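Paired with chain B in one complex and with chain C in the other, chain A is shared by the two complexes that follow.
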Partner chain A sequence: MPDSETAVVDTSLAPTGEARTTRRRLYPGHQFLVVLVTAVVVGTVVSALELEPLDLGMVNLWMVYSIIAIGFYFIFAVAGQFALSQAFMAMVGGYVSAVASPSTGVPLGIVCGITTAGVLAAAFALLMRRVTEFYFAIATLGLAEIGTIVIRNWDYVGGVDGTRIGIQPLEALGRQLRMQDEVFWGLLAAFTLALLVAAAFERSPLRRELIAVHRTPEVAATLGVPVTLLRVTVFAAGSMLAAFGGALYAHWQGFVSTEAFGLDLSIGIFIMVLFGGTSSMWGAVIGAAFYVVVPVKFEFLGGYLDVFYGGLILVLIIAFPEGLIGIARSVARRLPRRIPGTQRRAGVS
Partner chain B sequence: MATFGATGISVSFGGVRATSDVSFEAEPGQILGIIGPNGSGKTTLLNALTGLVPAQGRAWLGDDQLDLRRPAQIRRLGVLRLFQAPQAIAELTVVENVLLSTSLRRRTGFVGALLDRRGMLAAERARRETALAALQTVGIEHLAYQHASRLTYGQRRLLDLARALAADPQVIMLDEPSAGLNQTETARLAQLLQELSDTRRVLVVVDHKVDFLNSLCDLVLAMHQGERIALAEPAAVWADPRVVESYLGHAHA
Partner chain C sequence: MSTFLSLLASGIALGAIYALGAAGFLVLYKATGVVNFAQGDLVTVGAYLTFWGTTSLHLGVWKAALLAVVLTGLLGVVLERVAYAPLRNRPHLTIVISTLGAALMVRALLGLWLGTSPITVPTPIGLGTFDIGGVVIARQRVLIVVVAAVVVATLGWMFARTQLGRSLRAMATDHAMARLSGIRVRGISMFAWGFSGALAAIAGVLVAPLAPVELGFGFSIMFGAFAAAILGGFESLGGVVVAGLLLGVVEQTFGAYVFREYAELYPFLLMVAVIAVRPQGLFARRAHARL
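Moving on to the complex of A and B:
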């Protein structure tokens, strides 16, 4: 490069005092480590606390909802698809696994549930590939409504009026998990697995491409990003996570009803992802905890619970627009940082 | 490298013909300028050639036909297009923005991201080196890990150019690349485009600045109300009375 040219760059496009950037590691591996550490911490804390079955049940529900909410995080927060079908996809996972398990065994039954939801979601997304934003929301609502009616009236799948009982308990290592604490370890393993899968997506080129498809589909298409393929696969993959959570829920509870996966839960999933924070998959995990814990811990408010809950949501929206994970971030920013594998000195921001 | 051409490109919006029956052909290494007053159909022509609006007519790159209904196929053939407004995605870093244009080289989809991480990372590293080299060429490598929201307008333009460089396409179409740039930036842009075309690519440049196109282009296509009114070397086009008329109006008054 001739000197004169460098001079041009320096005068017209000079950086405004930023430190020169060193080449960073692509997709740092410690994400997977964070998942494993989280699993160990959750396992240790829960066994140390010797929780009552009711509280342990909340932990279990938190893990199930986290799995469903992480799926929704990819669909909604990353890919920007306004879907109201996440609870329904969990329902599909639950019912299909319940129907398949007697002949296939529970683990394969869960796989059947996940696969069915994946195929259904992929077919739907392909059909709706030109439908976006609120129209997509309405279409997913339609899918959920129709699907729910089918399940409720199809006795082979839905049992009597959509309530299916006598579902086999979860199994692990040839053992049936019946007690709440046995279920906990099974769900913790599933939760960890789902987080590892999610971390693999989060740390891959797909994330940025999904964001590009969300923000500027035309530009993404002309750059060579496979727009339709990504739209379809993210919807299918997110729905499969929902089905995984739904199947775990069905086997854990031993029964399912269409009410458990209704529009209430769909909106609940929105709350989990929005309040947890849309900037990271961990937001969904934190949001799910919020969603599970608050109504139970403040049950003593009785009829005022809904008012309190609504008020709390409003306050949080105003105070923490980045979601609950925003609080964690601002705390972390104040701590001196040292990330393994980088040569950044502490104190240089 | 191959010739890039089109014939009979027409786009209608309802009853309005935005471009009608436009044809051209450019050899490898040539820069084709497109001029015309506002609303003369320049951008619509680019949209048609990238599959963003329904169009009639044919376009080709060497022996391959562009499928004007499928942006993905056009891109796969090696035609890349930049937009009039710089298209940086604010949530992503600069280098991530550049990487978007090399998605065709990522080799791994959802399954690969999960099961073939080694392969995915290898492909990503190679792509990132290309992206950083492109950023260096346009002179904003020091901003590679900044969020794109922190770039100035001129830097966003350079980011778009870096995308085109990293993608290494056979044809690059630019829509008013000099808009909003100051004189030094415009000069640098012209130099970059010249370097790009020296590597036997076809460049298509839509612009308003006559000086800019004059120094740069081998061929100029002049448009007026959706129609081609001239296609020749720059000097011949500026001398064409219809071009003068469409830009300046009638000589009498």
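Moving on to the complex of A and C:
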């Protein structure tokens, strides 16, 4: 078990026994490669399996949720900000892109959605720069609630009662993506792009500084780390990823409703990151798959789904605060002692 | 003028509810240093249990309300055992998350047990109104203010004058020291969670008869209560009461004249504004109390 102070956070900064004896590269270079290999594998497997449209839809949803969850991973797991606004930011991306697309075209519409969410998130984070933990959580919950009510009442953006229909389909290389398998390739490209951006972030010094800001803000500030700027930046960047995912979802489905991006999804995103693991961006990707599969494969849960999720949060936070990746890593850490001569490998990344 | 006075009266009643809810946050915060995400859902539980007591158990309204308060208090104790006690030494963020998980479970189970369609909660004193010189006030709102005043006064006396109150305050100041001094921290922590749950239930029981109640009922009350708790400085009961009344009156009077279509936004707007502008509370002497 990790020590109590590092329960929900990345442990890569913590001095471990190995760190003193083995030399580790600061920014492992194979992360981009892993992303590309993942994309190729997903593409190959999905086209080889010739999935039914329904199953293909699940794969598509998984990729959209992954994008949103990776944004949340940066906000929550790396920067330690407990934000419950991620689903709302996806909603902003979806609606703004839907409103803008008829005049700008779909790609530029998506950019508009992302930009709006980024500006909104940055302004909010600036306003809340002195606020942490529960206060920040409940403030973001308030923001989401306010934004949802505004969109629902504002017919120009929200359509009738917050349900906007007739959104243009996704476009790629000058053609519209309407069928589930066409959408798949479009979303796979977007998913890969988002993962590449995230991988670049994972290996940048920014990540270290964010962890420092999260753990010991005072020390970080005395070392010249721009605490407020970093907090605002990561919240805006994570929210922009959410907006990207939300915009893709809106154009893929052809309609958006405020219900699809409600508090349920915010908690769902939270479960994705917590379940997959908070110590790597891949945790969010694994967790998103879990979240997509559970309601379909565990149909017997029925109305007990929310009870299951609530219990899952409790079990994870009490017994497995590092999620699946954390479990895999602690297993991997023990292996070399039993098999001498093999090189130690740390988990997925 | 009489319309304004009526609005002012309902503002005071709403403020009393916020103050009660905030007192629930405060008791818990004083004793354990944490804020409970499930507080809003405990408000809902209080309302639903009253409904259950009157319809399924055929109890009188007073008895059903009392039963609801006691049972919600017990639920608070259960939450302490499940969501707080195993995590007491972990970072606060962890505890916040576990209370979120608990809130999700409580709400889902409540929906499974008593259904998701809106319910009507009865009141012991009827839905009539008082007419005082042209100012119309619902009887229920008068009851709210009276009960809230009694509860808050009792609470204030308890904090200041009883051994229990002193133990609570000692635990909040320094948990380890309190324990070394022979305070039974485990029991008092359970008591604080139970008491906080009972306060939430009282708020729920009081406000529920005013409108049909559904599962998200406690949610917006929690925001108002949390705004009151912050604005009051999370320290003194008096501050919290003043802040609660202030917020309630602002919401009711402004809500009737400005942005009427968006009246449902007020608890959230007030809460976000309070956190952004004055996170240390109105009456704090030291800035940045413990954020």
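In this text, the second predicted complex is superposed on the first by the 277 of 349 C-alpha atoms of A that agree within 3 Å, B and C clash if a C-alpha of one lies under 4 Å from a C-alpha of the other, contacts with A are read in each partner's own complex, and residues count from 1 in each chain.
To be clear about the criterion, a residue touches a chain if its C-beta (ideal position, glycine included) is under 8 Å from a C-beta of that chain, and two chains touch if they have at least 3 such contacts.
The model shown is predicted, which means the values in this text are computed figures rather than measured ones.
J.: After the superposition on A, what does A:Ala237 contact: first (chain B), second (chain C), both or neither?
T.: first
J.: A:Val227 contacts which: chain B (first), chain C (second), both, neither?
T.: The first partner, chain B, only.
J.: With the two complexes superposed on chain A, say which partner A:Ala39 touches: chain B (first), chain C (second), both, or neither.
T.: neither
J.: Looking at A:Val293 after the superposition, I want to know if it touches chain B, chain C, both of them or none. Which is it: first, second, both, neither?
T.: neither
J.: Report for A:Leu143: first if it touches chain B alone, second if chain C alone, otherwise both or neither.
T.: second
J.: Who does A:Ser204 touch here: chain B (first), chain C (second), both, or neither?
T.: It touches chain B, and chain C stays clear.
J.: Can you pull the chain A residues that chain B and chain C both touch?
T.: Shared contact residues on chain A (touching chain B in one complex, chain C in the other): 5, 8.
J.: Could you please specify the touching residues of chain A with respect to chain C in the complex?
T.: 4-5, 7-8, 80, 82, 127-128, 130-135, 137-139, 141-143, 145-146, 149-150, 153, 267, 270, 274, 303-307, 309-314, 317-318, 321
J.: Write out the stretch or stretches of chain C touching chain A in their complex.
T.: It is residues 34-35, 37, 82-83, 86-87, 89-94, 96-98, 100-109, 111-112, 223, 226, 230, 261-262, 264-265, 268-269, 271-272, 275-276, 279, 288, 291 of chain C that touch chain A.
J.: Quick check on the complex: what are the chain B residues that touch chain A?
T.: Per the stated touch rule, the residues are 50-52, 71-72, 74-76, 80-81, 83, 87, 89-92, 96, 99-104, 106, 108-110, 113-114, 117, 120-121, 124-125, 128, 132, 139-140, 142-146, 152, 154-155, 158, 163, 167, 182, 184-185, 187-188, 191.
J.: Which chain A residues qualify as touching chain B in the complex?
T.: 5, 8-9, 11-13, 15, 18, 20-21, 23-24, 26-27, 197, 200-201, 204-206, 208-209, 211-212, 215-216, 218-227, 229, 233, 237
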